[in-house]
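The following pair of complexes shares a single chain, subunit A, combined with subunit B in the former and subunit C in the latter.
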Partner chain A sequence: MNGLGPVASKVRTASGALLGLLLIAYAWTVANAPVDSVQGVIQKILYVHPPLAYGAYLGFVITAICGALYLWKDDERWDRLAIAGAEVGVIFCTLMIVTGPIWAKGTWGKWWSWDPRLTVTLLLWFVYLAYLLLRSFGDGGARTARFAAVYGLVGVALIPLNYFVIEIFGGRGMHPENLERGSLGDGMGLPFLVGNLTLFVAFCWFVLLRWELENLRAASLLRAADPLARAREEIAT
Partner chain B sequence: MRVLLAILWKDLVTEWRSRDRVIAMLVFSLLVVIVYHFALPAGTGSEVLVHTPGLLWVVFVFAALIGLNRAFAMELENDALSGLALVPVDRGWVFAGKAVSTALLLSIVQALAAAAFALVFDVDLSSRALALAGVFALGTLGIAPVGTLLAAMAVRTRFREVLLPILLLPALFPVLAGAVEGTAEVLRDGSPAFASVQLLLVVDGIYWIICFIGFDYVLDE
Partner chain C sequence: MSYVIAAYGVTALTLGGYALYLLRARAREQKTREPGQETNNG
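The block that comes next holds the complex of A and B.
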């Protein structure tokens, strides 16, 4: 019994295998990356923190898009993918919010600052925690799925609105504007690239695993509710 | 549009006959103001004035949460929500009626709570009443739509009273940022700056559109 389509299940297997290889390369390149002359060893959080951020935002965008597709097509598979995106996104976002202050304490001198990007991400984290609570407090049926889809869309609309707020009221940013070509020190580009790649593959693998789990759960509920189909299946095997 | 007015009328008449929502919101707001008295160090007027915008909006958001929890709880009685869902027009108009009635009730509470706050903390709000009313109205028009949408969801889950603030508060950040800033500008300069009015108008507009469309999927009996 497979919970994914043929293409998605191949991608899942491939990304799992690739992740195993990448993790070795990741550990090796980060361990051998040069130590920053100003920040010291703590700068190596660079190889974890931004890649986690990309995963977090990607998860939330997947949730919003799949929620919209679910409302439009009324196909439950989209809703299950939305759950996977939200859960993996929240995990990535949590890890980012944990690694950030450790780096900040080492370089900015304090654990927390109401930096624009930090504030927006924190609010988004709360939106998606609320999203997961909404799912677990609901009745679990199609109604909960619709509520969650609508809430996911409100949540993703908040991203540009929050940035608009900060632009208007001029928050002082402590994050670098953009990683321009060459802004990384010598020898830091490769581990950063490998870090991004590894965590992206990890993200895909987690989302696909979670999606498969949700599909299998739905299928088993369906079978439990229909003894006739179960009997037919048993006869066939 | 007729549905909007009908729902608005129904909500206001129900409220007028029982008056329980406004009274609950108001009593709660006054209690929060009293809590402020014990929570804040005794200070002169100008010190309180700096914190007045934030303190006022905390009261307004708490009052809105109380009112919103009731807005749909009363429709669950006698399964009135199913009746609303069966209205043969776009359900967005049902939403608009509920949101406008919530906004009106909240405005009454805001006026009285702000007056009580000014009285207790000896802050002069009356000389800028008109500009303040404008900022309060713009803020309320941002809270009402998203609050109504989320209240309609929360009321049909377990732990409904707990879930509504968790859903609503993160979504209110843009509204509150603009409203608190606008209120502070009124108290400082006499009128809100263009930037905060612009922000509130944009956020209000976007929330009304999203919630008008989204409500169709939320009211689904």
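The block that comes next holds the complex of A and C.
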């Protein structure tokens, strides 16, 4: 049994190769991006903080979609992809929560504020951290997988709330409003685009590698639990 | 400038460390597999 199907395996290899080139372009465009006239050089955190947020959103959406597919099709591969999405999503969400306060300290003068966006982001992080704890400490059976699928589907409702919470609160929080077309200064569009592209490709590579690892682990467990299959393999070799 | 270096540094170190963890874990899983099975072509 292969860790990934042929298509996913090729996508992962291609994304790994592309990532090397994108990282060079990313470093170059960020280093040469214009310095913001108001915030100064610290504004360059813009090219990493929102892309990490989009990666976190994508990871949690993958968890919800794959959870739904698992409930529908009863195929464990979807459940394993849901785990991969959640884990990579939590890594990206953690980095978003770390890079945000670094930016805040330099601009607001304090690391944290109980602003609506920051509070909902922290809640989102806790929800998916709890998902990973459930998967780690659960019995690993179908019952845990079904519960986790429903949990992932409910948890994803926090994403639109997280995105639109600034508008819901009428912009009264400290966090800046969501980026819109034309809201970036001259010369800032390219590094922002390259930053998003690089972290998106990195996200795809991580998810596919994590999915492959989960498939390999499942295959090992299956072999260990089935002495007949093991014996057949020994006879074959 | 130190804030920018901190933000990019922590991101690079975390993602780099996670990549190493995943690659090592995958190599370990592949090593424990029985001989005679098809190998991963990824």
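Points worth noting:
Just so it is clear, the second predicted complex is superposed on the first by the 207 of 237 C-alpha atoms of A that agree within 3 Å, B and C clash if a C-alpha of one lies under 4 Å from a C-alpha of the other, contacts with A are read in each partner's own complex, and residues count from 1 in each chain.
In this section, a residue touches a chain if its C-beta (ideal position, glycine included) is under 8 Å from a C-beta of that chain, and two chains touch if they have at least 3 such contacts.
Quick caveat: nothing in here was measured; it's all calculated off a predicted structure.
Look at A:M188: by the touch rule set out above, it reaches neither subunit B nor subunit C. Contact with subunit B, but none with subunit C, is seen for A:V165 once the two complexes are overlaid on the shared chain.
Touch criterion met: A:S220 reaches subunit C, while subunit B stays clear of it. By the touch criterion stated above, A:E212 is placed in contact with subunit C alone, subunit B being left untouched. In the superposition on chain A, contact of A:T99 is made with subunit C only, not with subunit B. Comparing subunit B with subunit C, the partner in contact with more residues of subunit A is C. Residues of subunit A touching subunit C in their complex: 1-4, 6, 9, 12-13, 30, 41-42, 44-45, 48-49, 52, 91, 94-95, 98-99, 102-103, 105-106, 202, 206, 209-210, 212-213, 216-217, 219-220, 223, 230, 233-234, 236-237. Interface residues of subunit C facing subunit A in the complex, by the touch rule stated above, are 1, 3-4, 6-8, 10-11, 14-15, 18-19, 22-23, 25-26, 29-30, 32-38, 40-42. Taken in their complex, subunit B has these residues touching subunit A: 146, 149-150, 153, 156-159, 163, 166-167, 169-171, 173-174, 177-178, 181, 195-196, 198-199, 202-203, 206, 210, 214, 217-218, 220. Within the complex, the subunit A residues that touch subunit B are 71, 123-124, 126-127, 129-130, 133-134, 137-139, 143-144, 146-147, 149-151, 153-155, 157-158, 161-162, 164-165, 168-169.
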